[in-house]
Amino acid sequence: MAAKSFTCLRFAGVVVLLLQASACLGDTLRVAVASNFSATLALLQPDFERASGHRLQLIPGSSGRHFAQISNGAPFDLFLSADAERIRALEAAGRINAGQRRVYALGRLALWTREANQSVSLDRLATLAASERVAIANPRLAPYGQAAVRALTARELYAVVEPSLVMGENVGQTFQFAYSGSARFAFVAYSQVLSAPEPGSYALVPDDDYEPIVQEMALLKESEAAHALFDYLSSPAIAPVLERAGYYAPNSH
Amino acid sequence: MIHAELKQRKGQFQLDARFAVPANGVVGLFGASGSGKTSVLRALAGLEPDVKGEIRFGEQVWLNSERARSTAERGIGYVFQEPTLFPHLTVKGNLDYATKRRNLARQSIDLDRLIELLELQPLLNRDTRSLSGGERQRTAIGRALATNPALLLLDEPLSALDQDARQKVMFVLENVFQNLEIPAFYVSHSSDEIARLADSLIVMDAGQVSACGALTQVLGQVDGQWHESEAAFSVLHCRILAHDLPYLSRLVSAGGEALLVARQSLNPGDPLRLRIQARDVSLCLEKPANSSILNILPATVKAISKQVEQGSRTVGLDLAGESLLARVSEHSVQQLRLTPGSPVFAQIKSVALLS
Amino acid sequence: MLTASDLDAFLLTLQLAAVTTLILLLLGTPLAWWLAQTRSRLRGPIEALIALPLVLPPTVLGFYLLLLLGQDGPIGQLMVGMGLPALAFSFWGLVAGSVVYSLPFVVQPLQTAFAGIPRRLLEAAATLGATGSDRFLSVVLPLSRVGYLTAIVLGFAHTLGEFGVVLMLGGNIPGETQVLSIAIYDHVESLQYSQAHWLSGILLVFSFAVLLTVYALNRRGFRVSVP
């Protein structure tokens, strides 16, 4: 399995190298990346750096803050948002050129608890004790929160669960609520479940229960190096890495 | 000479003082509290930035309508009512603070001599916060002198001290004035201190100068709020003549009059000042025989105050060329038919000896 | 364990706190002196303005600073107009933000120290021939020692623990604007809890050691030797 994905990465690297044959090597790219994707990008980083000769500087953070900073001139080359909305807003504001945005991953929603060996399902939420809490990301701010609300509504559980809901500022904080034991369950990104310090127990929320969580990226600065990363992240070659990290690759669904 | 014309407005209080005094000896600044003595002193020091007018110290202009010399440039020494020693420095540190910034234009006062005069030797390494009130004030006086001031300004330096400390610091101050020829302004509301130390006198009243001149000349005046009050006094400059009577010392005044006072531990020829309260002097037309009063001296009436205050007038006497004031009831003035030129005998009930 | 970028964040944080404290002392001294001496009617409003960071959420401060210092902001435009880079997202932008953020922690102890110096002592120094700057160095400074120590510690420590302002204004750029508090936040956000523990532990021990040293120095500073 590992060997297979390594081969894939190797192949992707070669593609990038061919694409970037004339590029001037050795640039450092500043990549503003949504917290939920930063671990995944870190997995891809050595492969890209080896293949392209450029270096990456990852700047994880909430997409809302990244958006505000980019609007005020933050010196980032690429922005990997946790949603599509903010990328669209940047385009509308003229911060990015037409065509310089792409979907790079589709997020998957999971229900997680810290307790090991539990059978987790959405329907179990109907039988929560009064003192138990369920954490979701604030649906006004975070797409994973919106997806969680939609899934609960689709199962007609929302009214039942609502009194037990606590909201995180983003999906990272939401995970911490459950990790710290403050909330028994949390609707989090599947990618977080896979990289959690403790495995816990989880259930994937069926794709049909929510709209796809589209994560888009934007090219903020025109440079050979930035284009190289932009293309690398949309190349089908990295799809296995994305899937192993808990995302769907774009166009795979 | 020191010329000053000072105007300042501070709420209800208005300072409007003008005077000219010689730039040598001790100038007493005398008056009731709130009369503006301290304001004058602070103005001379340049510590009151909103004072307008003119100050000339000899050839130097310290203040006029164009410019004001800063306090640091005036070359003065200032002793505050409350000792203001630097708490982060020792006694020696406080003295050194002054010598490091001393006025090099003038001949310097030897610091060792200063320490000796003010008896500061045992205090040098002490923390200033551990000093008694008198020790602090002696240090403050030493520090002010260590700058080589062209003019020393003292603001009631004894008033915050207890009786013993006051005597000691007074003694030290007399020593300083006798040994170091530094002109000084000395603010006080104590007739004792003024009589003992001052050579000239400025009397302040409600922000204005009510009298100004040599000490005995100012004290000899009869008109003015202070002169017409129970507080009026005279100073006689005397020398010890002999100790030939039991329990008594025989003195001779500057004008040659003989006086008797309680036995003093001074040597014949030593100077001393007598302060005589005007209310302790009574007048008669003939020398009374067999009186218990020791000092009954012939004098001539010089002036009589115009106002009658509390039934009394102040009578100015000429005592062999010196001035002596007497507070006499209006009734007696009429009975004795006192007028300028009247020959009288002054009976002095008590004298304060100030050495 | 610590990565190179964690070490960078640690050094950057110390650098930021040190530079900020130094600037705050230079800026805070005249400001505190003016506030301690003046009878101007402007004193109240200016004191309130300086104290604002005490009550305002740092993110509010950071947001306004971002708008002010960003490339479209008035100060950003001014900088760009002068051929300089806009301050936002740079080390010096963080310095500017931290100076505003920690200002009350330096100005207030200094102001209290200055106000506690009897006016008469300064007058005495003037009569002893000390000019204005001499008076400040020879009387005000030694008598405000404790105030300065407090100001330095509070200014330094407060900048060390600063989060909201740098989060908004800095852009979290490693080696440039990624300070310790943000690196810790990132580790927590990315579920790298062991690294977060390491950094938090370092910050905790370091802050405690600094405060301990200062309190010890402070006590010694108070003691005056009396033979």
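Going by the order they are written in, the chains are A, B and C; count residues from 1 in each one.
Please note the rule applied: a residue touches a chain if its C-beta (ideal position, glycine included) is under 8 Å from a C-beta of that chain, and two chains touch if they have at least 3 such contacts.
Just so it is clear, the structure is predicted and the values come from calculations on it, not from any experiment.
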Common touching chains of chain C and chain A: none
By Cα centroid distance, the chain farthest from chain C is B
Mind having a look at which chain is the central one, using mean CA positions? C
Just the number, please: Cα centre separation of chain A and chain C in whole Å. 37
Note: chain C sits from chain B at a C-alpha centroid distance in Å of 55
For the pair chain A and chain B, the C-alpha centroid-to-centroid distance in angstrom is 91
Within their complex, chain C touches chain A through residues 63, 66-67, 70-73, 76, 86, 88-89, 167-168, 171-174, 178, 186, 188-191, 193-194
Interface residues, chain A side, partner chain C - complex: 30, 32, 35, 38-39, 57, 59-61, 65, 68-69, 71-76, 170, 172-173, 175-176, 179, 192, 195-197
Can you tell me which positions in chain B touch chain C when the two form their complex? 45-47, 70-72, 75-78, 80, 82, 84, 86-88, 97-98, 101-103, 125-127, 129-130, 143-144, 147, 153
Okay, in this complex, where on chain C does chain B touch? 118, 120-121, 123-131, 134, 138-139, 142-143, 224-227
